[in-house]
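In what follows, subunit A forms one complex with subunit B and a second complex with subunit C.
Moving on, here comes the complex of A and B:
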């Protein structure tokens, strides 16, 4: 039997696809489709509040910059299981990978509709146009490649379902190449989401503008990735009424703790080194947001400090939520709070803009629910009538 | 053994990241002004605020008028700022009475249009080379045909120059291209051509800089000849030299620009906040260059990752089929 204590085998959840919840999510998705239609016919300005002072709205910053970071669970788990050889976390890889694949695919779709001249999008991949010095070029190529790699990594799940064992064994011989790419590519573009701001130069407040942006974004996205694994596992456990993999999640909490320490060291060493800490003590919206950002690191660090606390599902969950929130606030700070293009510019997302972003999240959750019900993604609940505990 | 591999990887990945993220001193050469660079000199002390340059600019670049409610202009072009339909604008600083020009307690004029940076952020950040800098004239121009509308240039430009037409179904970026299309006809920038006082003049940047040096060397109040249209046009008029501030806007800002401004009022009062001498494009490209130089670091990192993944996959395989191959089959009927 394949299933063991270390990693119980995945199995389809089964169950009904049409529930009040999925209908609600479907409706949210439909509203988003309506506003995207309006955007295509009447232009971005007809649905969005973006302007020349804030040319990037939430479709860019929330859906792409934050969405991709929240989708780092796949990277975080692949790094742990396949690179640092921690096989006991294997049961968390498939759900994390699936959530990431949907997250990234929808971030890319959202970005497509955010492009003013979307019909030219292929220019980014075309040698005659592509401009390699641009961070957006790096992001576009790297994220597209990663989306492909994630769906390739996910194919064994589909093969399991279809019972294509021969094909699967052949495929598995090459899977580690895709696993390698599945770590390299997000490391590249997650750091680029930070590098993207370097060219904004003096328009970004020194509290956030630093050549260390790529490293900070990378550490932050991994911390967010492990938080999201804890978050998603907790929510899945409650939502689908399944036992929580408490011990494994506690160990992930320990990993998260070290990432938080690494983050604090990098963040403050950089600020002190550049002598840029002064704006943090000037009363105002910027310094307030800066300290909120840091309190949100301190909270999970405190909650994850002792093994006993890491063993508590409530504390773990709270820590994960705080850390995910920290990553979100950090990115909002980098892209909005710190950004100053001169007096007189304002941006606050319009209702249609928010509905499009919400609709994309709804589509993502809906797709996740449907897939885990139909395909073997989540570990079979233990004890299961079909799998006698091995070893 | 497992520990060894882990440590190797930690060292490898950590080392790559550390090396790639340390700010580089001089990874990429600082761009210099092309020999034949052309540009504009705008001397705010000569400007009378007639906006003839704005009208000519719109006519020559096929741009529609913009109305605004503040001035109640339902019939004439009255933009308040640059936009997707206005690529050159004259703005006024108002500090006091209208009988004192070019003093802090009076009023002054300033111009905003593309500065044609030596090391332009928009050229560096455009993912599809829609923004390009001419290697001969140094003119920064934009290709609508190539543009994907990502608005990275709008966000990155420290002068707030490129603008976007958000309200159009098929939107586009708009910015001054120094009347590049008129040069083919032997003409020059329309704004300079129509300026009645020579406040805006066109010419090779080298000549413009000589003219700036000449004006700054003269004592305030000295009567002197000011060229109109372009440098060496022969069309001149005589006016007194103003009491210039000791700053030429565009000389050093963001690594230097091809459009230079003179003023008798400090530039920060003219909506021109202090900018560093270093081009952010240089910082950004140096950083990216460090990380991706020849793709060596990413490929080495990938090699280490694939190696580790192969070892781990084997270990997983020994524990049981990776991913539970057979189990999926067993539960198909659930």
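Moving on, here comes the complex of A and C:
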């Protein structure tokens, strides 16, 4: 309903840009830049532990696969607000979109440095070189398109700041195209992140290998998206000492609950249907990780079960953290725990690899902090003149 | 007892066995081997067998000039059963300075006698380069200069075969500064001769050429440099047993290193296989064992058959790649299978996990306390968004 999309106008938050926290984040980012420089000059082997048995290290699996899933807040909110027309959540769209845009951009940047011959990166976009039958081709093109779409979606925020209202009004006539793409594209490539594993065939343990992987990855990324919206709203609230939009977040918690139920049904129905549940009861690292993964679904489901609990910011927050962690563990399980490429192969991220991944997260947070201080992203803390103050 | 095809050929194997000291089986294997070495069609082996058996024995005059006798040695010391017996039986070696029992004028007289008796029918084999500077005074046999001797013998020869790199194109003696003005037989005669370069050349290529002549009464097909195509038509690189390592980028970096011991490609040690034409990888060399040829034993090819490579390019210098160029990026010699967890990486991950857990706990506590209720939860309609 039109009346339900009320929200305070977003406004730049202002405040100091240089604080001990931003300096700390900047230092982490600098360390990452140092190691990336080393990687560019001396080659990928100089910083990374990846090898022919494990060609995908954490720059691929954590930065890209997990990073993109954690950046699904934008998709989750766009789906809710624009597709299901729940306008009351609109105040969360801009911050979620911004976080997603940064997350995806840095995921793609990270992948660029993960390419052995990074100077050939453009081949994937070039018709003569592109291999259109590849899942990775679909991923690369789709993700790049989505990154562009997200920044286009974000431009009204910049136009607001620059006072280009005329241009903005013209632009908004066409914005629905990009909003549509902004929902379509991530649905495509998030499922493809699962399809990639289907290709691995028997190299992936049957506990995780299933034709349903694309669907599971899609449900999981949406659950992670809603969790990240709750997570980001909570962190922004505490970090910037802003009021918490408790009621909206509670409703998102309800949505998240249904996604968790859908996830559990799909996951276990598939396992039972394929008769692949047996490895879960064989003691070992794989079964342990499998149960950790599922306990991390059970925890948020439990925390979000009753409306009263969903009203508690802590329970919401912890549920969101647990769910995000579940998504991370699930993907780590799919790409590493379940992966068996034969005897003798070994992978554990090197310190430089970890520092680069950490540096990218730091850059992301730093960029988010700077942008919300300078541009109108977060809703104004005071009720805007045309919204009536209420309890 | 006799097989059908043998009856057809009506070969007298008993006579061959007596003459060559070879069993029937070994003799036919030898003939088949020669036929396939020369790439001849099926049936040629029978023709060869018949030609060899009939013992027409062409007269051969073998001249030695500026050389080390390595070509002759390689022929005589071939370990293959009775190879030297075979060739010495197939041909009538009427003049050969190393093998002759006769000496001095007696030997020279025998040569002239053989040339007169077989005028226009004998084979002339030349071993060694011919000095041309100062009227050829740097090599004399029986008072004759090498140039004169060569020209005299070549005049009535049915064919001239230059054996070894020296006779083919000058070899060691012609290496700069070439003080004696050495040249190959073909250059001196100004005519096309059969060149069998190599230092030393493979004795099988000589015997194949001779037997070809014996069987078909003509010389095998030659390339532009006068080399039989069956032996010199392809680069060593093309049939090299280590070629797969070249294509995969696995190279020995130095003698005795891991790659060298694994039998990887010797290109980076200076192997001239990529620019040298010879059939060594196919027929091997030296008759010692299966892998018996320079590259097979771990030494890079020195390009001994090619003018401008052996004695000219340093052995360690990289070959010029005539066919494929290796990619810019090769796999490393040792396939790294991944290092396990390091203390620093584990500590960093533990610190991050700890910080995240602590941060989550602190944040959850603060969420309950200091955060005021959002006023935006229940808000009046707003003009900001149109659906």
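Here is the rule we go by: the second predicted complex is superposed on the first by the 376 of 391 C-alpha atoms of A that agree within 3 Å, B and C clash if a C-alpha of one lies under 4 Å from a C-alpha of the other, contacts with A are read in each partner's own complex, and residues count from 1 in each chain.
To be clear about the criterion, contacts are C-beta pairs under 8 Å (C-beta built on N, C-alpha and C of every residue); 3 or more make two chains touch, one makes a residue touch a chain.
Keep in mind that this is a model prediction, so the values were computed, not measured.
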Superposition on subunit A - do subunit B and subunit C clash or fit: clash
First, second, both or neither for A:211, with subunit B first and subunit C second: first
Subunit B versus subunit C as contact partner of A:373, first or second or both or neither: neither
Which superposed partner A:52 touches (first subunit B, second subunit C, both, neither): both
First (subunit B), second (subunit C), both or neither touched by A:90: both
Touched partner set for A:321, first subunit B, second subunit C, both or neither: second
Which of subunit B and subunit C A:351 touches, first, second, both or neither: second
Partner chain(s) touched by A:38 [first = subunit B, second = subunit C, both, neither]: neither
Subunit B versus subunit C as contact partner of A:9, first or second or both or neither: both
Overlap of the subunit B and subunit C footprints on subunit A, listed as residue numbers: 2-3, 6-9, 45, 50-53, 85, 87, 90, 117, 386-387, 390
Subunit C-touching residues of subunit A, taken from the complex the two chains share: 2-3, 5-9, 45, 49-54, 85, 87, 90-91, 117, 234-235, 237-238, 241-248, 312-314, 317-318, 321, 344-351, 353-355, 358, 379, 383-384, 386-391
Subunit A - residues contacting subunit B, complex: 1-4, 6-12, 14, 40-46, 48, 50-53, 55-56, 81-85, 87, 90, 94, 114-118, 120-121, 123-124, 129-131, 133-138, 140, 156-157, 160-161, 163, 165, 168-169, 172, 175-177, 179-181, 183-184, 187-188, 191, 195, 198-203, 211-212, 214-215, 218, 341-342, 376, 380, 386-387, 390
Subunit B residues within the subunit A interface of the complex: 2, 5-6, 9, 17, 20-24, 82-83, 121, 124-130, 144, 146-152, 154-156, 158, 160, 163-172, 254, 271, 273, 275-276, 278-281, 283-285, 287-288, 291-292, 298, 301-302, 305-306, 308-313, 315-316, 319-332, 334
Residues on subunit C engaged by subunit A in the complex (per definition of touch): 329, 335-342, 344-346, 348-349, 352, 360, 363-368, 370-385, 387
